[in-house]
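Read from first to last, the chains carry the letters A, B, C, D and E; within each, the first residue is number 1.
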């Protein structure tokens, strides 16, 4: 795996800012543990009430209480939500999710398009006037949708403008629409990864074939990481699953597939606060600090503490050329 | 229920303005009694003439005569209408409704889209050049419509720009379109509430299942209030209904569901002026000043006066952290 | 009928300009006689050649020769046409018609949309650089069309920007499209009138049910005038009809329905110049100066002169509060 | 036929520039001989190779070699083409054709839209930075197309901005689309002419019913010229036809129909250079200098020289009021 | 073949910059060897893994390693990709590919549109802030698509703005969509070439009928080169083919058809690094330096070195008029 470089889209006088944001976002590890908190739009209230979901998570502040107390990497959410709750965890690094859509219209009914909510000038202005610890922006692209072309125009500009300001850019990249048969096809996921590096993204968030949770899958997934090149791949966590299996999958992604982090939502937040905090720490243990799946599971169970300093992670310096 | 905070989207030098507007709009109570006066576009002339509708309400000034003499919270209407009639009640706090559509095309025929009428720069300019007491803006989003993506782009920018100026932002949030089966489904309404808090709205105006006017409904509706978090939920009044039932429903919303106000149109204005004023006061009594439904009904009947000072409302300070 | 006020959309330093334009446009009467000269686009050449149409009217200058010699109120046409012919009648007050469409695509084939031709900045610039007596702007909205939303965005901005400059704004408001069954339905026309006042228009030009030319119709049409409130209703003239009947209908509109003027095209210009001038004067007699239909008919016949000073019109001051 | 005036859309400080451009473009005659060189897009390579087409015309420079050596009025082409070849004939007056489309999609398949290629700010900038003799702009409108509304917005702005700079504006006006039955219908052509004068065009280029090449047709075509008023009508040349017939038709248009020039492409350029030059001169002879069709034919045959000075044309001054 | 001129769209103070970029891009030969590296979007990962494709090319840096060590002309890719990898070959001349689309939606399903990713202001800013050796921009137009009109608007502006800055403009021009039967039809390709010169492109990249690899085809292809005039034609390389045949085809294009370069992707990069470098050099040998196909094949085999100085190329000066 090659070292990461400051892209040329970052102007010279913003290189220090970009490296600082990268360090903050990755907690000095070069890998990204992203706590995905944009699902109140994407899934409406489906993830927040129902059988087996504890009542306290219905309140949006649950996200931020976790962010405050767990050792997460970054918290990704829409400007409006962050604007209303950041006082709970003002020091957490934030990724501004710049677009979102609901799930009411089914993908079999109409190809998806997730429109930009705010132009970059507003987001940059928000960083300045809020004083919050905003380290990057996120944007969802649906390749294969009939609205792909519109998305590319928005994504390219958001990434470029983010880099011009020294911010990181994370692309949620999904193949979706009437022309897409299998959204989890690894070769297609690799295609999306290649698109992300052409867009210049720092990180690309992709689906992972959780339906086939084998070592073989993790190896085949290397095609995706290779295609992404210097754009770091992080996988979605998807639906909540058994903890042990979940942490093992995560470990396989990092250590077999070669991903550089993960973007986890439901597997963290669909739990009571204390349990959610322990799971967030377990995720960080695997993704950031090279803990084994077993040790991470102990962290989840409360039988072990996460110690960032003791981690066996190679330092950021070792693969990031400043 | 958690305290409300000044969102980070409000820059430091506009925080005082934002708090002032919040105080004015909520009459110091933290709750919003919004007199909804945008229906001449939404319902054309259907609400203004016909059997049982007194002739005097056909004149648009009826809205403003009520606004002048009743103890309403805010009057919400389009810029043009306010511009033409505000002289009648120049001190009333106004919410500028920034979009509207007619009801000629049926929702079974075509998914709805309500386009922005004026960009925020014009609305902010209108506040400045008119000197009117404009405290916020309103905008309707139809989630589930095929035009949802366009609406999100407009809504997000309107809310952000409003906050940048210290103005409140109110979102009318309706699930509507060919993909929506039941617009009154509480779980779906909760989804819309969650979207509103992600957009950063101060208040979200939602439908209420008036077809099932039970205590059980009011309790189930707590899902909606929970999903909205620090965005305050206010319900529509809907069609004119029997006064006693109406005020009881309102009381249930506030005291059982936990809403923070109401947006009432037809139940107020489809009456002769004096009666409309008494009903507006009755609505304010329940929504702002913690009157019982019975006492509010007496106000409507003219057997009791509304006394804002005597209200048992907890002060704005107690749940709003300045 | 209530007095008209300077709307709050007119900034303080433009109030004098607005009142001046209102005085000029209404010839000091508060009512608008608009000579509609935008039909070379709307009807192509259908109105200008054919059986019973005198040859001289085929030349566009016919419009302006009438404007020069008749006592019209305002002449409404597109910027380009005015730019080419205004030298004929440089002192006539002009309304710039800001949009137009042809009639080639039938309304049963496709819902109508009339796109803005020039943005307001160009129109305001045109007023300044031409030195012409431009007193206002006009724009057509088709409510019920699938393009209604786009029209509302253009109309609202045109009206607001016009008022910001002290110009009058006139909306041509038609219900049209596949969802509209009866374009002359009075209740629907009243709905359009209500939309116009919400947009903040000074005048709204509407259809009139000429197919039922009874006193009863004129009375029922009061619903429309009431719905428009402080926005003044003016009716279209429609196809050329018998002169006596035409002037009587006009008189009914003003004195029974309560409209504040009229927008007449074909009934004036589809005549040889001298006859057209006499008809324009007859229209002004009824709409501006309170002549009886009989006296106006005499003016048309050349048996009576129009004397603006002798008119029994109540002065502008009496219903316009400066 | 009435005199032409400087339109009010030309500001006072650009009137001299406008009159200068008019003089240059019309070679002091008030009439326009436009050499139409935009067909490499409109007809792709169909007009440039094939049976009976001499090989040398396949090279785009053929256009400009003709422009260099023949006595044409103006050469109309896209910015890019002019930018690449103007060195061949740097003194020729140019009309920038601001939009173009290919003929691949058939009009029975989809209504046509010809999108603006460059905004006026670029065209004005091109005139300034290139130093070329650019005297005006051209734009194609398809009335009756479902995209008519978009075209009107672009056309109106192009014309207005051209006039603001003292440039001439020429509209290619075609009725086309599924709603149009007969594109050569004279009454419909007259409608398009009327649209052009409302847009404020200086010249409107229209189809001519060449399928009925009679005197009667030429007379009926007066309806078109009348409808255009002060906008000067010029007809297309259409497909290459027999020279004598062609020049006679042209003469009929000018002297019977009353057109003020012609826009000729294939009838000129689909010939070897020397022959093309003679034909261009023959066209100028008829359209600009009042030669008879017979004399023009002699010019084409090389039996007569074109002498601009000897022409019997009434001077520009006589019908153009400066 | 005529000499190339600096187009008038290049302002005087940018002529030196334009000529410098032309010299750099064509390595002083006047011909363009473009290494096409935009296919990670256009073909997703299809070209980068699979039977017969060596594993090392899956990494995007493969492109740039070739660029670093082979004697290519220019490397064309998206801003984001160049921004991330240019450190490998910082001195290579780059063409910024300004648009791209994936191949997920089939052309039989929906007409293609490739949307601009970044506006020219960002690309120009990128050149300045990155300090990279950016010599031009590229953009794909699909003529015959229902989105052709949108493409023309973007293409014309990109080309014009590029020239205003002294940058070269390369158009990828493909006839594609439901209305196109044969994308390799030479007459249609010639049409596209004509469009490109009207747009003002410096180079136009076109398909070549590789399915009929005869001398006859190469001769017929002269129609395309003729139609393009001063816009230089370069052909795509298409799918990887047998090396000898490939180099012969290339030679035929240059020396029989008269193209001025080539745009090669898969035939170069779908090889291990050393082999790819030799093939790139072989391509340069034929396209830039007038090597015979046989000698170029020897270069590919490693049996001969490419010597740019020894080339029999006529100098750039000889056909480019500075």
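Basically, a contact is a pair of C-beta atoms (placed from the backbone, for glycine too) under 8 Å apart; a residue touches a chain by one contact, two chains touch by 3 or more.
It should be emphasised that the depicted structure is a prediction, and the values quoted were computed from it without experimental measurement.
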| Stepping chain to touching chain, what's the minimum from chain B to chain D? | 2
| query | Chains in contact with chain B and with chain C: which ones? | reply | none
| message | Based only on mean CA positions, could you tell me how far chain A sits from chain D in angstrom? | response | 59
| remark: Between chain C and chain D, the Cα-mean centres are separated in Å by 36
| query | Do you know which chain C residues sit against two or more other chains? | reply | none
| query | Viewed as a graph of touching chains, is the assembly arranged as a line, ring, star, complete set, or other? | reply | ring
| message | Residue numbers of chain D touching chain C in their complex, please. | response | 2, 5, 7-9, 11-12, 143-144, 146, 148-150, 152-153, 155-157, 159-161, 163-164, 175, 177, 179-180, 187-188, 190-195, 197-201, 223, 226-227, 229-231
| said: Give the list of chain A residues in touch with chain B in this complex. | reply: 38, 40-41, 44-46, 48-49, 58-61, 77-87, 99-102, 104-106, 109-110, 113-119, 122, 125-126, 129-132
